[in-house]
């Protein structure tokens, strides 16, 4: 590719990813942009502004000569957690910020986009590799917030007794799966041994994904499918949420304190489980991967089933050669699906649909080095009390996913599209 | 007045009060309607809807035949605290309700207004006295929320580091008062004796204002003016916020826990005190009544000054014959003022400007009877751990005020336009 | 009385009151002295030390020349809440103080007692009236802690699943009252008018009891008896704890948050109510005054019964001439009783048995003056968010009680021997 | 060994370990047994009873025919957290249990000890291997509580402003180390490779220590010494507690919320750091291992030093052949020491002195199996949000320690004798 082509390609990619964000929020009313129904979630408006600030703060201010920030307040308001670049607005009160308005935030986006395009137009991707890398980080960052926008919108909407519908459902024939003679989940044996996991090479990856390193794996098994709703209903019916012996101690505390008796968004109407989705409330689809469970619930289910969760290394080793496709954001389903759209050998739904909890705590890889400077705060400082999830979900942009990708959340979180797959010892 | 004139007068009054609410929120952006920056405050949108629900719930559903509620969800969403008419949305999460949108709430208002006018058109005020009374309560309720709209908007805006301006300042000559040879506050002697306070007669009053009853008052003094900012600055400068002996025990706990060192909205820039107002941040005006102080601060100041706060009976007895005028909502100042716009004998700023904390706990009057039914919850169930305030503020509609009016808040609250006047023994 | 007789009388009184404290705690094991099962309660050891510190701090250090404090740490450890004389150990962690040991605290008591007797021996009660007054305050303070010792011990014991017995029950014939044809509670009419309440004269009273002042009372009624357990059971059976319309708003919050469904210490075994007492757990005695209810419960019961609680002035006016006798600490019953041991005209159990909640917030009397100096903190700084109780209980020393006495607690407190009597309008 | 010898040896070992517990608490006053100054700590009396309950509950009730529990309440009171064997008293209110008294708890110990000796006398260790294993678990459990007794006593004493001394200091010459030309800490290179860690074989180990399994280790370095106070003081002086970039995000939250500015128990008197120890408060000894730091502080120090913490596997692989000796409980120092009492090749203080935080989350080993039944709750259910510590401390019984031993605490805990050793990459 010529330099010019490379520049065009970057410019195009920048434009596409940034506009996808705006496409995602298109169905929102102005009021919807303001809601922060949980301290974990952020108002949609804040996501729009924060991802923009990221480009302004870490790129334009340093690389575009004579760039002037649009509004000096934004540096405080839209910094998420970068302690080393200054103070920031408390996370839990992002929902109190009526100003700047949505319209002003969109203007902010356009202002920064124009200047980013100007900067990209001036750059030489072969020389300015640090700038190129920063843009790539900024775009991956934007993609992460595309997923968070959807999970936060879902949570916000669910907290309104009116249960608003985010988008119309594309799939009218949901209920037929009741009678589908479905491919059963099977147990697949994996050899293990001294394997390698983690990122290497030139393709972009976050600093937490490398370096590539050896790991010893005992022989193990993996289920062909993520655990499905129908299986999870059996766990519930068998008293899964009432038997402390199935639970980690802290998990059991959450069950009792929060009154958990089913995945997040599930409600029983008479004898039937229903759930809230981005397309409205409906009957739980039996053969979809179970979703919106915490690590604690995944772990308890596995114990109940006489299995365990896979380690990150087991998961990554098994699936590093599997093609990344499936039910991703681009499919616009906004929900896991029962459809077989990503079969690879014995395995189904490896990528997309639901993030899969692993039994691995989120820790640094041997020899890992966080990025220099403020961006070193991006990932490394969260390496404690969080568990790794793999594979992406129906809300993840497909181009954002890879086998080495390490998502991470505290074990009690449920508002992400999080499910799990079982593993075992051989 | 003929029956027809009475009906017209009610219809007119209904229309005027309801449209004043909409006039108040006119400067808001859509996003501003969503903010609930404190559990004490409610989002402006919620105020608009709740006052409307009040008419629908307590009047239209019972009195207008074949009236259908606009949306069955609203009964849950916009009930504030009436336990006896059903469940209600938790107060602290009113800010999470993006839907109904502002536009839909305005439609709800218009829907109810149309039907209220229809009902008023059909009524005979001489026969339907219960309906007439309910309408009067609904309108007084609306007026209370007009004030709350302004105090909540002020608090919400103050929590945004951008410090947005709600409305432009009408008064350009603020700073001149520095040099005004001001009428000094004097101490006025009151005779006391066996007096009467409380409401009687046909004019509307809330159920908590009556019955009229005898109270014995020892001779006492009252200051001619509410305590002014310049005096409160002396208190601060004299270590008022650092000397536990000046404070009630619970007040001192608040000072320490909340880090109070000045009234709410005050900040020191260098040597100068500034405050946030609905017209923006500016230098504290010395000769205005001090505002946004808690009962605890008022009480501590009084102790520091060798005085005390007046009881409710002392206040009401002194001022029951004073004409109700002054710096009220209609003046659109949105802030207490130094101007002498309501002098009555030796007294200044009796009504309007700032609510005046009294030393009286909010308790039922001898022989008092709450309204029958759900509206009995309006006032009576709050008669514990709250203190009475008198006289109205710059955010109170003037027609809403009278000497017997009993406002009440917990002693630590500061976001209302609350000040105080000193009293003493003779 | 000669000066010498007066001195002897003070010395004797000092000795008697101080030794009663030690008699009260006699049944305790060393471990019992350490428990603080609620932040409201204090460990018995702390009470023993604090009342001693009171004499050391406010009397010996100022009045006995060359007196040396026994241990400089005690000033910090055993100051309760006197901000103006120095820092103090946080109330909620009094139970963490293993040292000084019980034995050392008893030595501290003896050390101070010896020096107090020395000081009393040297004084001239006619000249040293300030000292005489301070001793009187110290002794009344000691008596207050005698009651608190018992209520705190009761609470501490109740929190131990073993339910230890503090003392053996003296009264073996409890159950007979089932069949006693009991004197029914009647409604007594009171004339009211312009009356006087509050303390005057030379007999000791706390600073919060005066000055004597006029109050206007409308005609009112008072029940002849405090509300009894059998009546309270009817309230419970009628859904009293499930009907929000009976409750003050904050009271209802407590019901829901704390799961109140009966007075403190009550438990249902099958169909029968039992309660925990200082003499062990036993069946609720129907014809005793109900006890260990909060102001909120008293107020809700009154509303359910179509009555109200009396104001402090109504109570005091009615009973100021009634002789102070009844079921007090000296009777060693440690519990209210069904026995008629204090009938005065139509009234029963006016003094002793249970403190009676009034509807009056604890506020300063007109013209009241707290004591000078640190002892001004004794009462005045708590005059907010507390309600007045009158009459003393089975845990109050009889000599400590009088009509003007003002006890006060927050309206949600239940661990005192608190009951109530109904009032009404005429 | 003959069967008889084996029995005698078990009986002897039982007696020795049980009496060591009683020796440890010998210096306590009765009052000291009651204190629970933090929900993390338990009152000494509770430790004495709980370890006894462990033998009664899991052994005597099942294995000694006709054994009767001493007191049916104890099953509820002294169960710590075994959900599968019944309800238990809330952890945070163990300090409210005055009864049973200390004397009664000692009797409980003797009662159980007698019956345990009777049971041991009857057993055939070769046949009754399950019973033998349970006794071994019970004794190891007792030893864990010996350490907890000391750490809890230390915390309890530290919360008393009197700062009581638990035992007299045996070491009079502390201050000389100022001038000791000390052996410098060096960096030792380790080869790594495919190694094995974890327990195997017949010697007792907890279920969480096995099975032995392969782990790949990149080449790494380890410091010869744990980090010393003098080094930690440099970290403090260099703003270690003020620089967010050195901290994990949750660690930084703790620094700010708790106001951490030094290890637990450290206080600055003028320019000198002092700490509270079980032998009283004294000047910080420079050349001792730093102690009472959280994982967060260890991790932040490592980042500041350009190093990292070792993983559990790195630590265990390096030290599995090192002889277990050093400054353990039996030395009765009750504190880490500067003395070289355990040098092994280049390494110093590997075992004893301070537990060493590793960077490894506490997770199950591949193929691990918790014990069957209630004792499966012993370790496995805590495998989340905790970090592994290795090597034992000055409060650990020496016979309790081994290379594979996995201690675990939440990363913010500081009241254990916890320090750390640095590692690095090669």
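Chains: A, B, C and D, in written order; residue numbering restarts at 1 for each.
What we mean here is this: contacts are C-beta pairs under 8 Å (C-beta built on N, C-alpha and C of every residue); 3 or more make two chains touch, one makes a residue touch a chain.
Since this is a predicted model, take the numbers as computed values, not measurements.
Peer 1: Matching over half of the contact pairs by residue number, can you pick out the copy of the B-C interface from A-D, C-D or A-B?
Peer 2: A-D
Peer 1: I'd like to verify one number: the distance from the centre of subunit A to the centre of subunit B, where each centre is the average of its C-alpha atoms, in whole angstrom.
Peer 2: Those two chain centres are 47 Å apart.
Peer 1: Could you put a whole-Å number on the gap between the CA centroids of subunit B and subunit D?
Peer 2: Chain centroid spacing, subunit B to subunit D, equals 60 Å.
Peer 1: Distance-wise, how many Å sit between the C-alpha centres of subunit A and subunit D, to the nearest whole number?
Peer 2: One centre to the other, that is 38 Å.
Peer 1: Name the residues of subunit C that each touch 2 or more other chains.
Peer 2: Within subunit C, no residue touches at least two other chains.
Peer 1: Given which chains touch which, is the overall layout a line, a ring, a star, complete, or other?
Peer 2: ring
Peer 1: Which residues of subunit C touch subunit B in their complex?
Peer 2: Counting only subunit C, the residues touching subunit B are 81, 83-84, 194, 213-218, 244-245, 247-252, 295-296, 299, 308, 311, 359-361, 363-364, 366-367, 376-377, 381-385, 411, 425.
Peer 1: Quick one: in the complex, what on subunit D touches subunit C?
Peer 2: Residues 29-37, 45, 73, 76-77, 89, 93, 95-102, 156-157, 159-162, 164.
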